[in-house]
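Below, each structure is written out as structure tokens.
Two complexes come next, and they have one chain in common, subunit A, joined by subunit B in the first and subunit C in the second.
Coming up: the complex of A and B.
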């Protein structure tokens, strides 16, 4: 799980009661994500790399490490597909 | 996992601040007859630094929606700096404007520097005659249409807001037709408010019971048509009907708050009971400790129970506890200018016969 992401420029979000409310301004819609995805979005917003996000998640959630890292990678991919996060330019070259 | 309507319902019920309205200024380039702002009020307005600090506090409270309004917010000298700060702090920004300045460089800068979610434009009629009569600014209707066209080309999302009045109530269908031609959502507000100081002069323009019933009928027809077409509404819009199990008449002071240009905190733009000032206490402290705000929250629960005897037909909210508080001294009482449910019902029947 390599690479770094950032919140897409037209996305606004807040974590409310452990869920992430994500507004895609371009599409004009609202998405709600669960606790783990909310934390991933929050950590992307704080500028952490995928590796660092995985490390945080392992510390914070009570599940086998391998499973958590897989979930984080899956969420990041899903968020990228939804245009909620975007890969940083350096990583686009490496992808 | 919750849906967004469930989250907003929880915000209403559990008093979580989700929406903040900042009244940047009471100054305006128009002079609408029914404007509720008391322009005689003059004290030292919040500075940019004070706004910036306030907005950081609101972001820390996980406030999602932030509305900049006025007066006309674009005439505030720091509008673009404040707007850019709203963007940088990750709020979903709504801008309420009369649209007159939104062209050329101003529209472009709004897109590039502020990036609002939505611009809510005031429209007062389907024709220049009615619209310009309200704004008291000849040419404002035609310029609004031109500016909407220009902003459409910039991909700025817009929505129209119209206050139903005795002057425009005969044009409801035409105003909807205009909004449809422009490809914009249209929201009607059937409440004409008194001025902030209690002066009821603007309420002389309040719509008639017949006008309110006609609006309700048109809204009902359009709702059915939209359902048939499975046409979406503003996903972040008011949409009270989508909110499951709300215990309050409105979100005033429960999920939303209004802060004026002097830092006064109020439950709503229409409920102007000052519950604190952000120059004296952090907004989070006001939100969690104000006894006045607690009373307002109790009243909005009570209002939900008493409102059916006052309120309008389905789809049209007329009763406002804030106006009742101002005019009757009791947030749960009827007030001058509020048509009774019986009058509205009989007017609806008269209309049905006329059809």
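Coming up: the complex of A and C.
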């Protein structure tokens, strides 16, 4: 799992009963994500790196570690493709 | 409409979009409107513009200020017709340009531009080149945007919805264009049920006891909306087309998303998103939100029964 992310500037989200409701102002729409994706969004919002997000997810969800890390990586990629999160530039990540 | 730059579709020269509320008044008439999110005072109207407002908004025009705080004032200012681009509106679906910044809201639309400072005591400016029947469209489209923004600041939310009264309570039916709002409203009217609007409804008192306040804005029904006043809100339903009638609950996340998606104008600016999301969450706590599936030939009586079963 490479790279770190942040919530896109035109995105607002709220976690409600384990689901994430995400408003993408740039796209003009609203998305709903399940519990795991909601937690990933929350942890991105808290400024955690991809590695740290994977570590948290392994601690919090009851499933094999390898599968959880794959799910987290998949969700991050999906969220990036949907412009919900954006990849931090390498220099900013290391700052 | 696709335009990358604010106002470029509507204004001949977007560079001339006013950045201060200055200009030539149309006249010295004013009207006070007691609308949800208001009151709103519209000043500097010509006699013709004021007459049009009297005709369309007689039910909400107030002689004296109905409440002591929250008055929002807009000056109507004159610009030359060449200020706006001419284009063929045949088949054009109405839209407008919004430009929201931390300081103000900019609006560019068919035959008008507006600048609305967020500071509550500052006067907004509405520039138009028309005072004939076109002005009716201008002022209504401006007021729709203003009600949406002001409601959000005053414990309310505007929903793109059909509103009907069942058993003395208001039910809102939300959905994108083509979802069946006007059809449902028409079925309600045909069944003798009071209809609030087939287009926009204002939910007020969100945090205390949500209620629906009727607005003088309708879609296809125009003046056929039959109910006036404020009614307690009992439920919100996302419309879905299917082969039979059924109501099912939504998760709170789905419900919140549906409400956000149908909150016109305010869901297009980053400045309002935090407040809007909070208001939508509050609404899902105050009123049950479900999905209503119905077919073309479903009667309003069948819808009413499904809604009642859902409430139980």
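Everything below uses one rule, namely that the second predicted complex is superposed on the first by the 90 of 95 C-alpha atoms of A that agree within 3 Å, B and C clash if a C-alpha of one lies under 4 Å from a C-alpha of the other, contacts with A are read in each partner's own complex, and residues count from 1 in each chain.
As a working rule, a residue touches a chain if its C-beta (ideal position, glycine included) is under 8 Å from a C-beta of that chain, and two chains touch if they have at least 3 such contacts.
Everything quoted here is computed from the prediction, not taken from an experiment.
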Quick check for you: in the superposed arrangement, does A:75 touch first (subunit B), second (subunit C), both or neither?
neither
Touching partner for A:32 - first (subunit B), second (subunit C), both, neither
both
Tell me the contact category for A:20 with respect to subunit B and subunit C: first, second, both or neither.
second
Interface residues of subunit A shared between complexes with subunit B and subunit C
9-10, 12-14, 16-17, 19, 21, 23, 25, 28-30, 32
Quick one: which bits of subunit A touch subunit B in the complex? Just the residue numbers, please.
9-10, 12-17, 19, 21, 23, 25, 28-30, 32-34, 45
Seen from subunit A, its contact residues with subunit C in the complex are 9-10, 12-14, 16-21, 23, 25, 28-32
Would you tell me which residues of subunit B are touching subunit A in their complex?
1-4, 7, 10-11, 16, 18, 62-64, 90-92, 115, 117, 157, 234-236
Note: in the complex, subunit C contacts subunit A through residues 251-254, 256-258, 260-261, 267-270, 273-274, 276-278, 280-281, 284
